[in-house]
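Next, two complexes with subunit A in common: one pairs it with subunit B, the other with subunit C.
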Partner chain A sequence: MSDPLAKASSDALGVQFSDVSKRYDRHMVLRDINIDIGDRELIVFVGPSGCGKSTLLRMLAGLEETTSGTIRIKGKPVNDDPPRERDIAMVFQSYALYPHMTVGQNIAFPLRMVGEGREQQRAKVENTARLLGLTDYLDRYPRHLSGGQRQRVAMGRAIVRDPAVFLFDEPLSNLDAALRVQMREEILALHRQIPATMIYVTHDQVEAMTLADRIVVLSDGEVQQIGTPHEIYNTPQSRFVAEFVGSPKINILPAKAEARGRHSTRVTLSPDCVFDADFDLPDGSGLIDVGVRPEALTTGEGALRLSGTVSHGEYLGATKYVYADVSLLADSKPCRLVVAVPPEAAVQTGQAVTIGFDPAQCHFFAADGSRL
Partner chain B sequence: MSWSPGWVRGHWTALFRTVALCLLGMAVLFPIYWMLVIAITPTGFSRSLPSIFPQTVTWQNFTSLFADRPMARWLVNSIVVATLASFLSLVFGTSCGYVLSKLKFRGAGLIMIGVLVTQMMPGTSIIVPLYILFRDVGLLDTMSGMVVGHISLVIPIAIWMSKGFFDRVPPDLEASARIDGCTRLGAYFHVSLPLALPGLAAIFIYGFVTSWHDFLFAHSLVHSQQLWTAANGITSFRGQYFTLHELQMAAALVFALPVIIVFVVMQRWIVSGAMTGSVR
Partner chain C sequence: MAKADARSGQRQTFRRSVHRNLTEGGGFIFLMLLPALLVVGAVIGVPMLRALEMSFNSIDFRRPAMAGTYGFHNYVRLFEDPDSWSAVILSAIYMFGTVVGSVALALSAALLTRRIVRFRAFWRVTFLLPWTVPAVVAALVWGVMYDGNFGIINRLLDHVPFVTGANWLINRETAFPALIVAQVWNEFPVAFIFILAGLHAIPEELYEAARIDRARAFQQFWHITLPQLRFILAVVVVLLMIMGFKSFPIIYILTGGGPAGATETLTVLTYNTAFRGLDFSYAATLGILAVIVSIILVLGYLRLVARLQDERGGQ
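Then we have the complex of A and B:
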């Protein structure tokens, strides 16, 4: 007999992936995916190209078959349901507008397919067009619109049906940088206005960080971490997540580690830079990776210091990134660090520099990439 | 005005190009003009024309075609056969082309090659086995037999052409339609088919022209004069000892008209850029 409590909790979920896997012939592209997405949550799947994030979205949409596991929408298993019966709407990376239909006909298409009356269709299309600023373009064809307008039409076609779940498959990747920022704001505004679950796929970590209530980081067909943008950035559960999120990338330094007792490990970055950190080292001793974000490093000050030589600098207006080569362990190659410094900091190429940091802001990763 | 060497060379090039194009145009159009001249020359006088311009104009050949000969019947037969053959080839060809384009399955490439191989054999090499086959199944000397014969000529190209057109319809469009409430068949009818319309028009024209102009199948598979197509009928003006050139040319002109009409009607569907704006 089913557990009524479990039923109630699954009903509160917008979407649930339970042990979902996908295999193409012999190639496993998604492995044991378990994600619970809350009702009205905006969740972002992020990961490098080929990690399986779009496949996962297309499986949810019903465009790809699920090899094993269960996908539920509003608590109802949908594995065997065709796309039209899943109460979803999707915005594609390519816009996927119907070129033989006007903007108005494009937006009305989903309503026409469910047999909505003409008057209701017109009212809903007009409302949607007003919401997206498309009122003046209803009689135009997609070929007469700019990229941003086309993307709005695609969003209009999605929201006009009032679905339970919105799927966005890299919808902004074809737009220029300024328009991307604008459309991001519009998607956020839409999320505030429309109380529906939204699942957004992107490879752009900035989009993920700015849009998401929670982020799912995927790599090689596996979920690496699920968490709020703050959790993902500040407590990455693997070296991959730490490196994937953040620009410039987190600095990864090789170090020797030796267990000192319960929750205490001595970390040696260089002969002059040794400190104790509060994590357990299961193997007792060995090589680990230390991750430090560029903004956690300073030039000159800090509880711990490393010596290096400035390679070059990048001035970005609000900040400046200094790239410095530091020598660490005797048997390791020189390591290049990125340090975020104030834009007015005077740093010359070739100059000797002392880089300071606080061990409390370091992340420690075992050789297999897992967080220590 | 400057008479620089470059200016002079440019004008000579333009003049040469214009003269060359005029000559080429005349060479291409002269047979049609000559066909018209002979068609409006009184019967029996075309062998002794004093100039390339018509001396005596008569419409007698055209009226004779329809009054004394069953030209109207042959034209109707041609129209029925060509329309049915091209329409049925379009229906079956696009269905096959769509499946081969959109549904991924093992052996699809092999099927495409198999279809292409059928085009490598000339009609003359298959007409005898086809004749025997048609005789055995009772399709010989029937209108439906001729339609089937012409379908076999058109359908391989229709499959290849339609696959090419469906390949150009972005897969996201159908996926989007299926999410928007269509079944797979609905997505085909609402999205893929309208977008492949220019291709379908081209396939129809190809099928119509192929069937209209076919002589080998029409001559071999049909014997009864009332079932002749126009292509078959035109040859009847040519005898072993005597040829009615004037009637034959008048018939050839009438024969060319329906194809031109079909092309003019269908060509407005053949537009480029049907997919513009759908995807990035």
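Then we have the complex of A and C:
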């Protein structure tokens, strides 16, 4: 992996959050957020609803006040600047198109507000419309457009200004699945064409994985992890991140752990499944969580094995998910695992099954959820 | 025999179709509206028809012998009478003045109270209070305030250098504007309620988008608030025009149409013609003119409301 973090710090910074916090009355919504976003980077804020990701975006836009900390755009602190002075454009979840203006007037609006010349406005609007395939719709009103077209107009209104930073607040959540995939591609294409920082907020981890140069995972007002989609998926820094990314969800198994020496810990999943893993256990011994993704499990073979009973299967065409109940330690409840198997694999409900896996593909989390 | 059967069959079919029409068809609607139509017809329709008849008659208590002479003479007189034309023009000015004043005041009040969080209900009730005051009471209070000698307006003006108060209701130049001010005070809450509701219906995101799109406060008002309010404002304007045109108590109580006809709007002229001049037929003719103007205004109102609903449905 080339390191995009290093890249971000060497290039000029697009946006920088330094110790940013947000409080509503007594309720802390965001706590000590530190994020450096590179110029021209497409970064995605992802997290469950209520995690503060939209608030963070709105603070950057200037629509919410910052309680403490500093937000910089292109190196310049903008905390006290109104939105109009921040050189940002935003696409809203509800599009927020001006209903009494035509598509053309909507796109021209940000130019009109700063008194750009009529000819210049026309040229820019036409260019933008061509880029988004809206040329035939310039004289229509938003109410005559489909959801996808409205979405494009909202993007057009942002693009036409040529801002330093684009903000997207869950822009695709009102579209149907097929259109969402298509718009995702278009946003990526735009990102390649337009040299600007893009910050994209979503609760959809698939959107985050497919779009992002880097992902910021937020939960409960705190940054959980910042990294490329590959890093987020393959080295989640907490149990939360591991569970949030990936579908179906990562399997989490309770295990006993006992330190055996430097970088070595003995992990006991069940009496028949004991192995050594190369991490340190600060407490010496205790209960930990072992995370293993469905595609890292197999039925039948594997370096290590667990035995269980098939509960049911899900056939998805290209793959098949088998849900199996395994009993682990004597004092823990039976655990349901998801195993990705080839679609032609025959599995019957109630059938006994052996699940194999490789300890190298396991993630280990301490009781507080942090990665070991 | 067969003929009789056929006839009774026909009668039954007829009865059934009448029954169905009265229980579920257009007849049912008519049946349900009938009581209201009867009441309206009795208290408005009949007097109006009588007035129409009277307007062609010559009922004038000062010339009782003329009664029973029918003709178009009242309508001819209407067109030739400078007083009637001046009354129509005064009505129009009054209408225009109260509409502009009320809309401006209501819009300002609504914009001010929209974003207020503390004591919001208090401010709203304050702005609605003038509406709860009966026009007669409002007129009397304003009459006292406008008084040249001991009215509070002149008392306050005494403290302003270089400004001398006027005898507001007696002076020809000031009487009409003074009436408009009193009327605006009394009726602007109607516009306030409409506009406040209209403001609340504008999605907050439009303002956020506009702020991001670099619109300043006035630009937001001009490009978002006003266009979004345009239909509400149109409805309010027509409604206030109807109210202003019909207005009677404030004018009648404060000036009675004086001084020397300077505030004699069509409604006041109609009243004065009937009950001071005792020329009932000519008053009826003036009344018919007022009804025609009112009908035009009401039709405009209905068309606007229909358009507003279309627009809402289309969005």
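The definition used in the following text is that the second predicted complex is superposed on the first by the 361 of 372 C-alpha atoms of A that agree within 3 Å, B and C clash if a C-alpha of one lies under 4 Å from a C-alpha of the other, contacts with A are read in each partner's own complex, and residues count from 1 in each chain.
Going forward, a residue touches a chain if its C-beta (ideal position, glycine included) is under 8 Å from a C-beta of that chain, and two chains touch if they have at least 3 such contacts.
Just so we're clear, the structure is a prediction, and the values are computed from it rather than from any experiment.
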Clash-or-fit label for the pair subunit B, subunit C on subunit A: clash
Touched partner set for A:148, first subunit B, second subunit C, both or neither: neither
Touching partner for A:356 - first (subunit B), second (subunit C), both, neither: neither
Touched partner set for A:174, first subunit B, second subunit C, both or neither: first
Residue contacts on subunit A - larger count, subunit B or subunit C: B
A:254 touches, of subunit B and subunit C: first, second, both or neither? neither
Contacts of A:110 with subunit B and subunit C, given as first, second, both or neither: both
First, second, both or neither for A:92, with subunit B first and subunit C second: both
Contact residues of subunit A, present in both the subunit B and the subunit C interface: 61-63, 82-84, 88-90, 92, 94, 96-100, 109-110, 113-114, 143, 157, 161
Residues of subunit A that touch subunit C when the two form their complex: 61-63, 82-84, 88-90, 92, 94, 96-101, 109-110, 113-114, 143, 157, 161
Subunit B to subunit A touching residues, read off their complex: 170, 172-173, 175-183, 186, 190-191, 194-195, 273-280
Of subunit C, residues touching subunit A in the complex: 203, 205-206, 208-216, 219, 223-224, 227-228, 230, 314-315
Residue numbers on subunit A that touch subunit B, as the complex places them: 58, 61-63, 82-84, 86, 88-90, 92-100, 109-110, 113-114, 141-145, 147, 150, 157, 161, 174
